[in-house]
Amino acid sequence: MYSHCEDGGWILGNLIDGTQAEYVRIPHADNSLYAVPPGADEAALVMLSDILPTGFECGVQNGRVEPGQTVAIVGAGPIGLSALMTARLYSPAEIIMIDLDDNRLEVSRRFGATKVINSRDGKAAATVMDMTQKRGVDVAIEAVGVADTFELCQAIVAPGGHIANIGVHGKSVEFHLERLWSQNITLTTRLVDTAATPMLLKMVMAKTLKPELLITHRFALDDMMKAYETFGNAAREHTLKVLISAGA
Amino acid sequence: MYSHCEDGGWILGNLIDGTQAEYVRIPHADNSLYAVPPGADEAALVMLSDILPTGFECGVQNGRVEPGQTVAIVGAGPIGLSALMTARLYSPAEIIMIDLDDNRLEVSRRFGATKVINSRDGKAAATVMDMTQKRGVDVAIEAVGVADTFELCQAIVAPGGHIANIGVHGKSVEFHLERLWSQNITLTTRLVDTAATPMLLKMVMAKTLKPELLITHRFALDDMMKAYETFGNAAREHTLKVLISAGA
Amino acid sequence: MYSHCEDGGWILGNLIDGTQAEYVRIPHADNSLYAVPPGADEAALVMLSDILPTGFECGVQNGRVEPGQTVAIVGAGPIGLSALMTARLYSPAEIIMIDLDDNRLEVSRRFGATKVINSRDGKAAATVMDMTQKRGVDVAIEAVGVADTFELCQAIVAPGGHIANIGVHGKSVEFHLERLWSQNITLTTRLVDTAATPMLLKMVMAKTLKPELLITHRFALDDMMKAYETFGNAAREHTLKVLISAGA
Amino acid sequence: MYSHCEDGGWILGNLIDGTQAEYVRIPHADNSLYAVPPGADEAALVMLSDILPTGFECGVQNGRVEPGQTVAIVGAGPIGLSALMTARLYSPAEIIMIDLDDNRLEVSRRFGATKVINSRDGKAAATVMDMTQKRGVDVAIEAVGVADTFELCQAIVAPGGHIANIGVHGKSVEFHLERLWSQNITLTTRLVDTAATPMLLKMVMAKTLKPELLITHRFALDDMMKAYETFGNAAREHTLKVLISAGA
């Protein structure tokens, strides 16, 4: 559980400055760096530093996705799409993607979602129940971090199912134990450990996973402010991830 | 997952009358009854019908108690004591029992609790953190079913720890995702499946488990009202479980 | 563990006659039959009665195939191909198929093998070690049932790896504990339980699995002798599975 | 899997000299040493360096001992007794200890074996089957390392059971796949990883485990030859482990 290592965990960009720089000093570098394999697509590897293991570990591994299951992912941003991409490694029968943004839902389809729901009308829970013969989903992955999306996950999880929280929440949420106490559910939270990085790296090298597809815009280091602007206007710019390169 | 069998689950005392009668008809009897082994203590077996598997499955198995761990059980009633009794099968290093009733805490010590806390003063969370060098517990078992006790479990669970809910909750609770989102916790709920009954039966027969110790009072069928009264005044009567026998 | 149920297990075609008949009586039918879903391809479902769950449960589940791993399957007959087809559900990085028959290896490629080895030259073990940078494979699945193929599995399994035996062996084999005692391997055997049938059925209905591709020849019930002949000359006839239909 | 770390694993006493010296240099010391807690019994901790984790990891964890099970341990030397001591952490219903030496069987009883068998008469397998209503044992732990004891484990393991090999074997063994192919067994091998050391250390500090009871003789460093002699004549001297101290 590297994320809660007493003398480690989330340091970069949290306890000290992050890595948007030409040179960085990495604490505990002996035990925490991976060599870039020859021939690797470095852009793809940038996705491996955070969002791909976050979607995979907190969403897919914690949610224990299995072949044949029905999975719902609430939130089709880069993290939700990382969960989608890696959930497919376990061959679920259905992956239902839920978001407010039609463009992201369209992207989700290209990434392999079997069904998409725009939750703007407030009927997403009912739609999921209809899609699953009133049974609900085996795994509900929360990839937003607000009360409404967590509420939705509670409403659609089937008896015996899993709710895997990825979202960073700013407030407490209402938890419906008055109904869920008897539903044999498992709810998990997690700060990414990056314990899955070696496995993901192998799959990126084998082109089984192509996280570089999450990069919609590329900028030079000098244009960083433009990069942040593009990221800040994600809906308008259809931004997923922006890549900032130190090179010319 | 017998508890959510589409044509079964919790029927007796829920969808139809229960078993406080001289004769009962058991639905799905072919697949749901166990033979009483010769020489069995029938009083012990009554405890096997519900509370022992409830404490074990929902609390101990779901909480994944392991050797050397620190376990807190919130609620020292018969269900909490069943969790205590069966948690010991996995040799945790510490079992901290928390309740408002000094008599029940005293009983807990006799059942193997290594530490007890009366939570009347509202300082139980701080006391647990002190007992665990500010780390918290590996497993927190909720065996009451109200907001306060669930709150306590959230306050004392260590990073990577488990909250296993047993309590039947009547209302929703506040869930502190604003803190727990990053704590790698696992929270479970469960309606007892009685899937563990064969294993528990074996241990009762071997006297490794003695659930008959939970029976504090015995009544004849004709004295059922007195039995309920005794159960209703549990604190005053020091009642754990009452046994009602059909025999003379 | 249905396969070792004291009053059940492998009855049909073992303790009593099998099902090559127009009508059959199925013991324990209440608990052992699945309804054919409307619209199902019945030919595909015949594959579900034995070989698909055998390859999946004994080979893939017991071998604990995981994303990114290297898997070798020794034997490219119908059972080995069933293991191949279902191993892919877990997205291993490499599936190496090993057999003596070039046609079956060619079929393996179409079913998704990433590498194939004809073991006729006695160098299969060395070839696998070369393919894996001298590391060996994470999972070796034995799908033949003779000493040589079990020997091969022992030679290629990596430290920490799994050997999943599917083959029906007629003789004892030599087990190299003088080398393997320290290699942290797990070896499993299993008589198919068909516990995975509901999951496989779901995937067949969703066309995620197409076991009907294993059927190379079809016969009417009256031509059963021809069917057995074709099956008996599998190499010459390029037979995988033959289907016998009761209908006209 | 520290035991197969590419640049680590079993170094001391294998690739370089061991630790029977006043001062030693430990490779990879940063990642491989544990601090001795204040107040620890150092003699007990010596047992933690090898035999206790070996019995626990290779025997008990790999054998997946669970409450209520029947466990057989073949070999009542220090490693077998370590397996016995740590198997009890999971509350099996029966632990059957098998050896040729009556003194060691007597010691086994004191360490918690529920049944003991002297295998001198060649009837140990039949005796175990009688003790288990012809079912066999859930877990058979091999703690010797010769063909006969491995044969015995194969003869007594129940369908669905586990054979956990601990013994260091010098020769290959006969493996009865002609019978076991269908018995759903799991067989494991392992070089101790010492991954369980932190947990075992906690239990030794809590006096839940008392591995110092394995020490039957103590010597000063200058008397090392006598120590080896005593160890070499274990049967006659009733030796389990000898402790050599550097101090006066």
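The chains carry the letters A, B, C and D, assigned in the order they are written, with residues numbered from 1 in each.
In the analysis below, contacts are C-beta pairs under 8 Å (C-beta built on N, C-alpha and C of every residue); 3 or more make two chains touch, one makes a residue touch a chain.
Worth saying up front: this structure is predicted, and the values here are computed from it rather than measured.
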{"item": "Pair joined by the larger number of C-beta contacts - C-D, A-C", "value": "C-D"}
{"item": "Rounded Å distance, chain B centre to chain C centre (Cα mean)", "value": "44"}
{"item": "Chain centre separation (chain A, chain C; CA means) in Å", "value": "35"}
{"item": "Junction residues of chain A, two or more chains touched", "value": "none"}
{"item": "Chain contact topology (line, ring, star, complete or other)", "value": "ring"}
{"item": "Touching residues (chain side chain A, partner chain C) in the complex", "value": "66-68, 88-91, 93, 199-200, 202-203, 206, 208"}
{"item": "Footprint of chain C on chain D - complex, ascending", "value": "1, 3-4, 10, 145, 150, 159-160, 165, 167-178, 180-191, 193"}
